[in-house]
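What follows is a pair of complexes built around subunit A, which joins subunit B in one and subunit C in the other.
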Partner chain A sequence: MNRIDQVATQNLQDCWSIVYKNLAKSILQVRGKDGEVVIRRANHLCGEKMGQMERENYLKEGKLANLQTYFTTPVSRCIDPRFRIQWQLFNEQEAVFDVITCPIYDYLLKTGAKDLMISFCEEYHHGCIMAYTKGVGQCTFSENFVYMGENSCRFGCYYRPSNAKAEDRPASFSGERAQEAPRPEAYIPCENPQKAFALWGEMLLTSYMQEITARYGEAAICALSEGLKAAAHETIAYLKQRTISLRKPLDEAFLAEHTFWGTQFANQFDLPEEVAKLIEINYCRTLKADLARYQ
Partner chain B sequence: MKGYKLLCDNQAQDRWADYYLTTAKGLGERFGMLGRAAVRDAIRMFAQLQGQHRRDFLVEHGYKPHLANLFGLGGPLPCGDRCIKEWIRVSPQEVFVNVAQCPYALRWNAAGEPEVGKMFCEEYYPAYVHQAASEKAQINTGRELVNEGDTYCRLSVYLRPANLPEKQRGELFDEFDPSMGLPQKEACPPQPVDYNQWILELHTCFVTCAQQRLGQEGLEWTETLSRPFLAENNMNNLSMGR
Partner chain C sequence: MENIYELYTPEELEMIHNSDQYTMFYAIMGQQLIDELGIEGESALREATRRYGKDRGAYRRQRHLDANVKINMKNLFSIGSDLPADPRFHGDQLRLIPEERNTHTLRCPMAELWIEEGYRYVGRLYCEEFHPACYSSYAFGYTKVGLAKTLTQIGDEYCAFNIVLRQEDLPEELKPVCFEHFDPYYTGQTHSIPKAEAKTGFNLLTLRVYYYMVEVVKERFGQEGIDALIHGLEKAAHYAADHLKIAAEKMGRTLDVAFVDANYPLYWNPDEDPVWEQYNRHGAKELLKEAFYPILKKDLGL
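Let's turn to the complex of A and B:
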């Protein structure tokens, strides 16, 4: 059972899932089967950006950039409390665990888009761990509850000092051998969930922009505009339901707390102007217009 | 459709597993992390060699080296009746398989050295599939018999055409190859596995990598560790009239 103070984080996660779902769907609608190339590459790239950023965060803080740190103290990431994880092995070099419930999957399943989960899981996590370990780790994803007959996802992440470059070892490992570590907390509160989800959303969008432009040229970005508009429509309809269960009105204040871009885009991570505009025009304004209709 | 069975020399298989364990453990114990790094290098080199053999075999017989063909008889999993497999999904793009019993793990666990065994599984399968099929494949060994608490190995391998360059798609998948006729009806014949040969090949990899990482001392130590196995191998080969 989750607490009331965790609800905003859950909604932010769902708003992120909505953005992912609609960007991917829109690309498939416009580009057909070939769009899968962009979706997979962009998901991988988004993971690489996140993994790279987390590594830099830890090094800046003087922490060891290994798997134990990655799973116990997320800095740029915010972990939705609805993730239920059963740990099997956990230390600096190994993180082996089963994901029993996953809110992204649950949302996609509920809205008939569970197939989009496969390309996300297969690419994103791999990108994260490979960038985080500077290309020498492994992120293995051997079971996936998207498939019939599976009831959990199994991840195995490995980062071995013997595979790392000699100059990277001191920054990542406390020794050659790793002792089993205490399991990460089931719920790791984040300082600023909105900021974390906004960052993740922007990483996702910029990755999609990079990959779609590389494959089809700049004109193809219109698929992303459509995706963002559709995401905003779906977000309002979804949050309307949430306001009912929370017994709160659906208004600007609610959106400011429960969405990460809101009705007015604050460019807090200094995105290039064209990306900021893309979000403002297609997502924030649609959200605002829809809000007026719902009120 | 022809039904094939792959004959497996269990004794030679055990000898190979023992050879790996002795040499890998010996290098790790004597040289610490550098020794283990040499072991991992050697496993990857050995896997690339086997992966290339597999790819060549499939292409020679007119089969695409996609995942379904790759994991056919003579593929990366151990051969023989002692390797108990449960195939969950087998297609050109995906192979999911549980290994309920593995002759290598039996040997390594019985010797009380699951960690040395784990190094093999961690490095072997990714390097093998990357070489045999494509470096864009993802190889996931999430559960392992050599992991404490796991009761089976789970191998999930993905190879998505969407991640491949156009040219490679045609090389790997029938549906992307315009020159391809009707799909083959016959299963690919089994590729024999010779574990005596494997000992020699793995030995070469150990020697090469030990020398690169550890210098002359590493080379000599590897030779010392390997000597009894190579001697036995020679005797077996002689008695079999090779």
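Let's turn to the complex of A and C:
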């Protein structure tokens, strides 16, 4: 079981899953099967942005940018405590584990959108690890909840010094051979969950904007506007249920704590004006309007 | 370890001998590169394994294209495998469709031998580098290779392959090349592609994996690299001879050139091997003649 103080983080994760689900669904509705190309590319790009940022974070802090660091001390990421992971191998070069419960999958399954999971898993994590390892690592994915008869997801991430350029090795590895490391904690506290999820949401949205524009032109961004509005509607309905469980009122204060963009967008990562506007007009204002209706 | 001589037919034993010799040739040569050349040797071995994988993938693709076979996962894993069928291999096929192949390998004789002979690390390296390179190369670089569970990895009880080719990853011009439903005028496979046989199959694999080791080592190292290759070849020759002697004795056969030719992947006379016509670069064949064959012949007394 998770603690009461972890509930906000869980809700933030679900709000993020709602944004992902609705952006992807909207693209599929507007573009049909061809939209899957954008979904996959955007998920990969989002992963690349996160992997690249984490690498830079560690190097700035003077830490070795290897798999051990990546999975024990996330900086820009916030890990939902509902993730249950069983580790098999864990060291600087290898991160091999089974995901026993995944809140993203659980949410998509619960809301009839589990088909959107595969394209996320196959692309996002690969993008993360490839960017994090400067293109020389591997992120492989063998088993998946989505397949009939499988009840966990198996990930194998590998980052070998012998595949890295000689000049890059000192920044990532303490030696040529890796010693098994203590497993990451089941719950890794996050200093500012809202900031982390806002960043992740913005990486996702900007990736979708880049990919949809590249494939269909700027007008296609309308699909994302619709996706953001639908996400805001679903978020309010979902959080209403959560307030009932928590015996709290659904109000501005609750949204401020349990959503990452809230009812007024604060452009804390200096997004381009058009992206900030897209979020403010379609997501934040919808959230505000829906909140008024629920009150 | 099972007694293969009680379980398998003479034909199957020839397959097994070729398979084990190929497996150990790779392991001995690879370990030598790591032992002598350190991390740069490992780097070279990984690159050689990837080039070998890409070559095999491209070879399979060309054979399929020549037979008007669509380039997809179902066909890759069901039509004309270039890996001879070792009877000890056991797998469980969960899904085989044009987009996906999901299987569990329950028993892999290569992994078993590497672990038994103390070459788990090199075996692990092979699994990590070969499969992504080969399957990806087969489908023009668009295959996603999921192999996070392997028998060479500590703690795993089977290999879980999740090899996918997503149509949405392909450029428009490749969709009809890969999937029938994008090609309304598809007329079907024109001719059958035979599966690889023991001798010719493993010969092709052994020679090519060796060739790519030579190619990468020569690109990256000087005499030090050639020395490592020579030392590897010497060890591989001793191992080959020792195990050919055991095999002949166990099978109650005379250890002669005919036996060696049937039970060892490389030709007794490399000048008669047609595969060298394509791969005789970087002095690979000459090096083999100088460092490998004299020891093999001497150890066998032939």
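Everything that follows uses one rule, which is that the second predicted complex is superposed on the first by the 295 of 295 C-alpha atoms of A that agree within 3 Å, B and C clash if a C-alpha of one lies under 4 Å from a C-alpha of the other, contacts with A are read in each partner's own complex, and residues count from 1 in each chain.
Just so we're on the same page, contacts are C-beta pairs under 8 Å (C-beta built on N, C-alpha and C of every residue); 3 or more make two chains touch, one makes a residue touch a chain.
If you're wondering where the values come from, they're calculated on a predicted model, not measured in any experiment.
K.L.:
Subunit A superposed: clash or fit between subunit B and subunit C?
P.N.:
Superposition check on subunit A flags a clash between subunit B and subunit C.
K.L.:
Counting only touches as set out at the top, which of subunit B and subunit C does A:141 meet: first, second, both, neither?
P.N.:
A:141 sits against subunit B and subunit C alike.
K.L.:
Of the two partner chains, subunit B (first) and subunit C (second), which one does A:37 touch, if any: first, second, both, or neither?
P.N.:
The answer is both, since A:37 touches subunit B and subunit C.
K.L.:
Taking the superposition on A as described, I'd like to know which of subunit B and subunit C A:264 touches: first, second, both or neither.
P.N.:
neither
K.L.:
Which partner does A:155 reach: the first (subunit B), the second (subunit C), both, or neither?
P.N.:
Touch partners of A:155: subunit B and subunit C.
K.L.:
So in the superposed three-chain picture, is A:89 touching just subunit B, just subunit C, both, or none of them (first/second/both/neither)?
P.N.:
Touch status of A:89: both partners.
K.L.:
Taking the contacts subunit A makes with subunit B in one complex and with subunit C in the other, which residues are shared?
P.N.:
36-37, 40, 88-89, 96, 122, 126, 138, 140-144, 147, 149, 154-156, 158, 160-163, 176.
K.L.:
Where on subunit A is subunit C touching in the complex?
P.N.:
So the residues of subunit A in touch with subunit C come to 33-34, 36-37, 40, 88-89, 96, 122, 126, 138, 140-144, 147, 149, 154-156, 158, 160-163, 166, 176.
K.L.:
Sort out for me which residues of subunit A touch subunit B in the complex.
P.N.:
Touching subunit B from subunit A are residues 36-37, 39-41, 88-89, 96, 119, 122, 126, 138, 140-144, 147, 149, 154-156, 158, 160-163, 176.
K.L.:
Taking the complex as given, what residues does subunit C use to touch subunit A?
P.N.:
Touch residues, subunit C against subunit A: 38-40, 42-43, 46, 94-95, 102, 128, 132, 144-149, 153-156, 160-162, 164, 166, 168-169.
K.L.:
What residues on subunit B touch subunit A, complex-wise?
P.N.:
Interface residues on subunit B, with respect to subunit A: 32-34, 36-37, 39-40, 88-89, 96, 122, 126, 138-143, 147-150, 154-156, 158, 160, 162-163.
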